[in-house]
Structure formats: structure tokens, C-alpha cells
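You will see chain A twice below: alongside chain B first, and alongside chain C after that.
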Partner chain A sequence: MNHVFRLQVGPVSFRIGSQWRRPVAQLRRLYEGYPEPEGVCDFTVRLEAERVWRRWLRPSVAIRGDYVLPDAAPLPLAQGLLAAEMGMNLQMALGQKRFLLLHAASVERDGRALLMTGHSGAGKSTLGALLGERGWRFMGDEFALLDLADGRLHPFPRAVSLKNESLGLFDGVDPARLGPVLTGTPKGRIRHLRPNGEAVARMGEPATPVLILFPRFGRDLEPTVREVGAAEAFMRLTQASTNYVALGESGFDALTRFVGALPCRAIDYADTAQAQALIDELWAKA
Partner chain B sequence: MRDARPLVRLLRDPAGAGQVKDWTSLVAVARAESLAGSLACRLEGLELPAPVEALLEAARRDGEAGRVQALWEAEMARRALAPLGVPIILLKGTAYAAAGLEAGRGRSIGDLDILVARPALPDVERALLAAGWEWVKEDSYDDQYYRRWMHELPPLIHRERDRMIDVHHAILPLTARPKPDMAAMIADRVALADGLFTLSPPDMIVHAAAHLFADGDMAGGLRNLWDIDRLLREFAEGDPGFWPALNERAARHGLLPAVGRAVRLAHHLYATPVNWCQAPISKSLISEATTPAKIGARHQLAAADLLYRRRLLARDGWGRARRPLIRLGFYVRSHWLRMPPLMLAKHLWVKARKPRR
Partner chain C sequence: MAASLYAADPPETMRQFEVEGLTLLYHRKSGLTHFLAPPAPQILAALSAGPASAAEIAARMGESFEIESEDPAAAIAARLAELEAAGLVWRT
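Showing the complex of A and B:
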């Protein structure tokens, strides 16, 4: 491949190859300060023209790599950075077998981790990123990696993808941490945010999970807390996991231990201030 | 990495792992060829850099989870079909795993492939549909085509477990020129402990070779040839009767050319030990190769073998398919093998007129 970028994120490493210069240049800038993987990369991502001529003519980026989805739609070259991010997610979702993968945001304080999971739009990503700017260590907003052997959470602090309205919440951050604004993507307007220096410097440190939250965002919701039983938490987390089925028994063991040992709460909120107040309250008791 | 040779070398000789410079490319090739689990098992116990070891360990665990799931799927089919009282013969990966064969170690197993006698097909189909399997394709041309000309039912998928089953009644499409003796193959089956069956050792090789060289476009060929290497080693070791039996079976099923090619290429790529005096070889070659010198030359690759070899190795260090022309050639050949020219023309005409999904 003409342009190559290697990236270490927590315990996972990627080799990203591209036929075009621009996506790799954007990745380099977005992930400035991240370590370079030593030795083997866990996953290969390829950004290549869907058809030979589409490299030059209305260039369109097909997302390929070690693991592929047969019917993944290509993206225009202007969204090449998003294609790279989606390519890395795809490798994780389909190929990661070292950890139980939970579609969740996680943050840490004093070696103890808070995990937030929920449907797309529930606000876990935004909340994770906000807490990461307010005294917590940001561990990741896309995937939480649950260790199959010891039950700890490993950080996976990739760039946060801020979508649509949530972009405005991060106006104060150092502009050097922000990627280009990508418009007209399948998920609307997107801008990537590099996690702060602490999150990057400590990406090798796992943490012990102590609290699971299922946040739900809605403009007319009353702030409420509801206890979630282990069985319900288990079912919801199997749905939030991309590799639970593939891991077989080891995934089942890890997940039952996880929900059996931790308090689980569902929280409703109408704005981030409410959410933060609820989280502080629950964290003090956890 | 320009082709898959470094992967083949390492599978053949794991001791070379210390010299590997570019593990990332090697792993990309192994994954693209569905050989990551097999490679990981092959390299087990060697002193390797920690990140490499972690990656291989995950591949081994993945292979083990896949093995358990494949055997469970076989058990589900066994339960669904047991009341019929017809023998169910496991094929390919599931068979290797169920029989505890070396070829099953770390092997990725996709669909469940079973073989039943053709007259049992309607009952088997009904029993599977009643037990939760559903049709994958809803297209009436495809459905009819499968039923009339193929060696298997249209694929079925289980509605809860999301796993596919291919129900075969023969090992090659009915339109293919070789006509394997399916009654003999089914009669010679070997019982497993749980009431399921596998093919006999020689027929297992014949099936693997037929699948690789007499059907399909050689996709995943490097893995299928690795199966053949492992099977030949295990079956031939300590059984002097194996090579003659393989020869006899290959001839009986009309598949001497495919089996002979499989043996030659496995020997050349994976250093499979072969008893050349008794190994399967086409009749035309036997008559020429009667002097000791000519028998010695049997292991040499035929001219056409070189083309197959290029196709098998056509994968670069990014996991990309290389040699598009050779690939296209084998793709065209796969259709040519499958049906007589007139029928092929009609088939392509119908397919071309259908809207692409």
C-alpha cells in the first residue's frame, strides 16, 4: 500500500494502509502523540478504491482489511478519515478475541472504572468524553475491553467521534485536538476529538470496574435512577457485545462474573448537568 | 510480502518462526487464507515475541471455541435427523474435528456439511425445516437449479443459532464430468461414538481433492491443501495399505487426476511425505512411468500444476488477492467444470438477466 500508518490504542494495535495520502495524513495528525506498535500489529485495515478507476475518478474508499463485511458501502474520499475509523471498529467487532468487547464508554478514577452503555443516541459517548474533560481519566467511548481472565477493563482511547449537536459541547477544547469537520456522512455531521494527554499517556493501565450505568437521554425525561438486576444487565450487555457469541464459554463466564459483582443502574436525563449530578451521586456510593 | 510463500514455509517448518521479520503481513495472509488458527496451533510452544504470542494464543482460543460450536451444530443436526434412521455423514471441517484428526486443529469451520443418501433427501429436508432451519435463497431459479443439477440442497440457515447447513447427496455437481460412486462412499463410512459418521480415510482425501481441483474456483485453496497434507500424513503413518487404497478409491470415483494433483502439490508446498510408487496418478502417466527412473519422476509437478501453484499463492502481505487474470481463469474454469457448454450458456444468460442484488 502506498501510505501506511501504525497505531497503538491501549492493548490493541493497527496497521492502516491507504491508496491515498490524505486519510493517512489526517490520521497522523489526529493521533499525534500515540505510541507506535512494537512488533506485530493485531489488525490490518485497507483503504482502497472500490474499483480500479475509482482511485482517481470520483474517488471512493472501500473499507477492507483482515475482516470484512461483504456489503459495507464505500465512502467518498473526503470522508477517508471516517473510513479508517470504521475500518478499525470493524476489525475489533469481527476479529477481537482477546477480550469481551462491550459497546460502551468507560472512565476511571483512583484505579476504579465506570462503564456506560446503551443504544446509539443514549449519550454514552458524549458523557464519557465530557467526564474525560472533567477530572476523570477517559478510557474509551466506543469499545470497553473486558479481560477474560481477571475481569479488569482495558482502556481503548480512540478518537471520540462527536456527532451533530454534541459538537457544541466541546467548543472550549484545544483546537489541535480536533479533526476535520466531516459533513454528509451516514451518521450526519461528525468531528473527531483526540482524548487528552492523560488518557493517551495512561492507555496501558487497566482499571477495576465498579459500576455499570445504562444512561438514557431525552429532552423531556425526568432525571431518575432505576436499579437494574443482574439478569437484565446480562441480557443488555450481550446485546451490547459484538463478540459475546463468538467467544463461547469464556465470554459467558466473563460476563456473568461481571454483572454478578457490580451494581447496575439505569439513569434518565434531559441534559448533561443532570447526568453528571446523577453519576456523582451514584459514584459516591459505589 | 509478494505472495503467500512465507506462510506456507512456516506451516511446513515452524522452526523458522525465529527468522520472521514481518509478523503483521504473515498474519494478514494467514487470516485471508483462513489459516490463522492452524498456524497458531502449529507454532504453539515456541519462544516468540510477547505480542505475537498473545495474538496466536487468541487465535488458538478462537479455534477451540469454533470447534465446540461446530460440534454442537453437528449434534443439533443429529438430534433433528435421528428419528429418520438414515446415516448422517459429516464432511470437511466438522468431520475432522469430530474424528479428532490433526487437520481439525485450529481449523476455522464455517457451515455444517453433511452427506446423506439421495433417496433420503426429502425426509431430511422436512426434518430440518421442522427443527428450525430455513431457506437462505428465496429465488425460484436458484432453488430449481440446486435441486436439479447440484450435489446439495440449497443452503439452509438455523433461525436461532444463525448457522448454515449444506446437505449433500454427492461430492460433485451432477453435471460435472467425473461421476464419483456415491453408494460405495456411503457404504464405506466410518462410525463415530455419537452415532454420526465420517467418510473412510481414502474417501476423505478424495472428497477434499475433488472439492479443491474438480469443483469451485480454488478460493481458500491453500487451507484445503493444508487439510490434505495433514490427512495424508495421519492416514499414511503406520498404515502400509493406505496408499494403494487411496489409489484404488481415486480410480473408482474417476478422480485420479484431482487426487494426483492434490498429492503432488501438497508434497511440493507442504512437504507431505508420499510413497511415490503407490501414490495415485493418472492412468496415462502410469503407462509411461514404469521404469524406476520414471517412477521417481512422478513427484515432479506437471506443467499445469505450476498454474495451480501460482493461484494458490496469489496473496500479498496486505491480505490482498493478487493475479487477477489467473483468478479469473480459474473462476471461468469452475463454471466450465460444472456444466456442459450449452447448459453453461443458458445458465449465464438467466443469471445475467436477473437484477443484481
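Showing the complex of A and C:
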């Protein structure tokens, strides 16, 4: 690999190699201030030319690494940064064995964590990032890492991938924290946001989860809160986990302990102000 | 024809967690997680004493539970078929 970038995010380290300079330069800029991992990295991501000649003619990036999805479509080189981010997700989703991985956003206050999970478009990523700018410590918007031994949540504060309309909500942040606008991606218009200094400085500090939320966004939805039973929460969290099945019994034990001990609520909201009001109300009781 | 005898893995090969009247069961042999509603967990518990027919399981369960059914063995047989399909019991 001609260009290499090593990155520590929470308890996980990545080595990203690329045949092209630009994706690595973009990563370096986006992750400025992140610590460099010591020793051998947990996961390797390789961005390679789909075929040798395509490196020069119409370049296209294929994501490779320790774990590979055979049908992952190559992306145009202009989306190399997105390919690197997707590559890191893929290695985590398929290879992580130390934590139960939940596709969820998490934020922290006073050592206590709020976990938000839901389908794509539910707004967990946007809400997590917004709360992270409004007095909470941002722990992650993509994966929450549930410790199999002690049930704490570990931060995984990767760059937030802001999509489409949510880009406008972050106009006020320091432009140096924003990556390039990527248009025409499989998820529409995307721009990455580097988590703030506190999120990066405290990426080694886990937190005790105290509340699980299942947010749902819809322009026509009335703001509502619904109690979610532990059985439904368990089922939804197994669906939200990328490695529940692979972990076997330790995943079962961690997840039953998790849903057995924590209140779970589903919230509907039509805008972020409503969501924040509901979250503040629920957090005060948690 | 003799009634089928059903068997299940011993309780120590499974992890169980009660939640809202349901039982979450992790089956080590298959690595699968099951959601069980009553009386399925009770049937598995009854089988921990050894293989049994539907009527014998009903009798074993009758020692600990009141069974509200005119034909307990038929009701148990229907649940046994579901547990068999889920891979949690088998015929010996």
C-alpha cells in the first residue's frame, strides 16, 4: 500500500491502506487530533483499485480487509473517504469479538450513558451528534460497544456521517471539523463531521448505560413516548447487533443483562427540538 | 402403536432468562436464541427427568401446574411439534 493511516477510535485501532493519496489525506484531515495506535492494529482496511487499469482510467475503489463482503460494490474514487469509513464499519461489524456491537448512537452525562437505536432514517445519528454539541459527551453515532464482562458502554467516536437534510443542522460548527461534501453516494449527500474535542479526549472512558431509546422520525408524527418491554427490546437489539449470533452465549448473557436492568422507551418526533424535549424529560427520570 | 417418546437436551446445556412472562432461551448446541411462551419452558423442564410421551409430560407437569385443558396430552403434543420444529426436542 502506498499510503497508510493508523487510527485509534475508542478501544479499537485501524490501519487503513490506500493505493491513492487522496482518501488517506482526507482521513488525516478528518481525524486530526485522534491518537495514533500503539502496536499492531485490530483491523486492516485496504482501498484498492478494482482492477489494475482502473487505477488510472476511471478509478474505482474496492474495499478490502481482514473481512470482505464478496458483493460489495466498488465506489468511485471521489468517494474514497466514504469507502474508508464503510471499510472500517465492515471490519467492525464482521470481526469484532470483544464487545457486543449495537448499531446505535450513544451519549454520556455524569458517567451515565443514553443509547439510541433504530432503523436507518430514525435519526439516531443526527440526535447523537446534536446532543454531543449541546452539553452531552458524544460517544458514537454508528456503533455502541457493550462490554461483555461488565456491561459498560465504550465510546467509538468515529466521524459522524451527516446525511442530506441533517447537514443544515450543523452549520454553526467549526468548518475545520467538516469533511468534503460527497454527492451521489448510495445514501445521498453525505458530509462527515469530526466529533468535538471532548469526545476525542475522553474516547478511552466507558460509561454505565441507564436508558435505551428507540427514536422514530417522521414529519407527520406527534411527539409521543411509549414504554418498550424487555422482550421487545431484546428482539430489537438483536436485530440492531451485527455480531450477536457470532458471540453466542456471551452475547446472550450481555444482552439479557442489558435489557433486564434498563428502562426502554420508543419516542416519535417530527423535529429535533421535539426529540430533545422528550429526551430531557426521560433523562431526568432515568 | 406406541406413543412417541420425546427428549430434550439437559437444562445445563441451555441458558434461560425470564422476561415479561416469556422465556428467552439460548441453546448452546445450535447457538440459537429462542423466545418461548408457556407452556414450552415447562415442557422442557418436564423432559429434564428423561424422555417421555405427551401424556407422560402432561402428567409430570400436572404435579406442579394446574393444566386448563380438556385434553392436556393433545395440547402438549401440539407444543411438542413446535419445539421439535425449533430443534429443541426430538423423538427417541
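Keep in mind that, in the parts below, the second predicted complex is superposed on the first by the 286 of 286 C-alpha atoms of A that agree within 3 Å, B and C clash if a C-alpha of one lies under 4 Å from a C-alpha of the other, contacts with A are read in each partner's own complex, and residues count from 1 in each chain.
To be clear about the criterion, a contact is a pair of C-beta atoms (placed from the backbone, for glycine too) under 8 Å apart; a residue touches a chain by one contact, two chains touch by 3 or more.
Because the structure is predicted, anything quoted here is derived from the model rather than measured.
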- Query: In the superposed arrangement, which partner chain does A:Ser106 touch: chain B (first), chain C (second), both, or neither?
  - Reply: neither
- Query: Once the shared chain is lined up, is A:Lys97 touching chain B (first), chain C (second), both, or neither of them?
  - Reply: first
- Item | Which superposed partner A:Thr256 touches (first chain B, second chain C, both, neither) | second
- Touch check for A:Ser166: first (chain B), second (chain C), both, or neither? neither
- Given the touch rule stated above, what does A:Gly248 touch, chain B (first), chain C (second), both, or neither? both
- Task: For A:Thr238, select first, second, both or neither according to whether it touches chain B, chain C, the two together, or no partner.
- Result: second
- Query: Which holds for A:Ala230: it touches chain B only (first), chain C only (second), both, or neither?
  - Reply: second
- Message: Show me the chain A residues, by the header's touch rule, that chain B contacts in one structure and chain C contacts in the other.
- Response: 248-249
- Query: Of all residues in chain B, which touch chain A in the complex?
  - Reply: 23-24, 27-28, 31-32, 49, 51-52, 54-55, 57-59, 61-62, 65, 68-69, 318-320
- Listed in rising order, chain C residues that touch chain A in their complex are 15, 17, 19-20, 22, 24, 26, 28, 31, 33, 35
- Item | Contacting residues of chain A [partner chain B, same complex] | 1, 13, 15, 17, 37-42, 44, 46, 48, 65-67, 95, 97-98, 246-250
- Item | For the chain A and chain C complex, residues of the former touching the latter | 229-231, 234-235, 238, 244-245, 248-249, 252-253, 256, 259-260
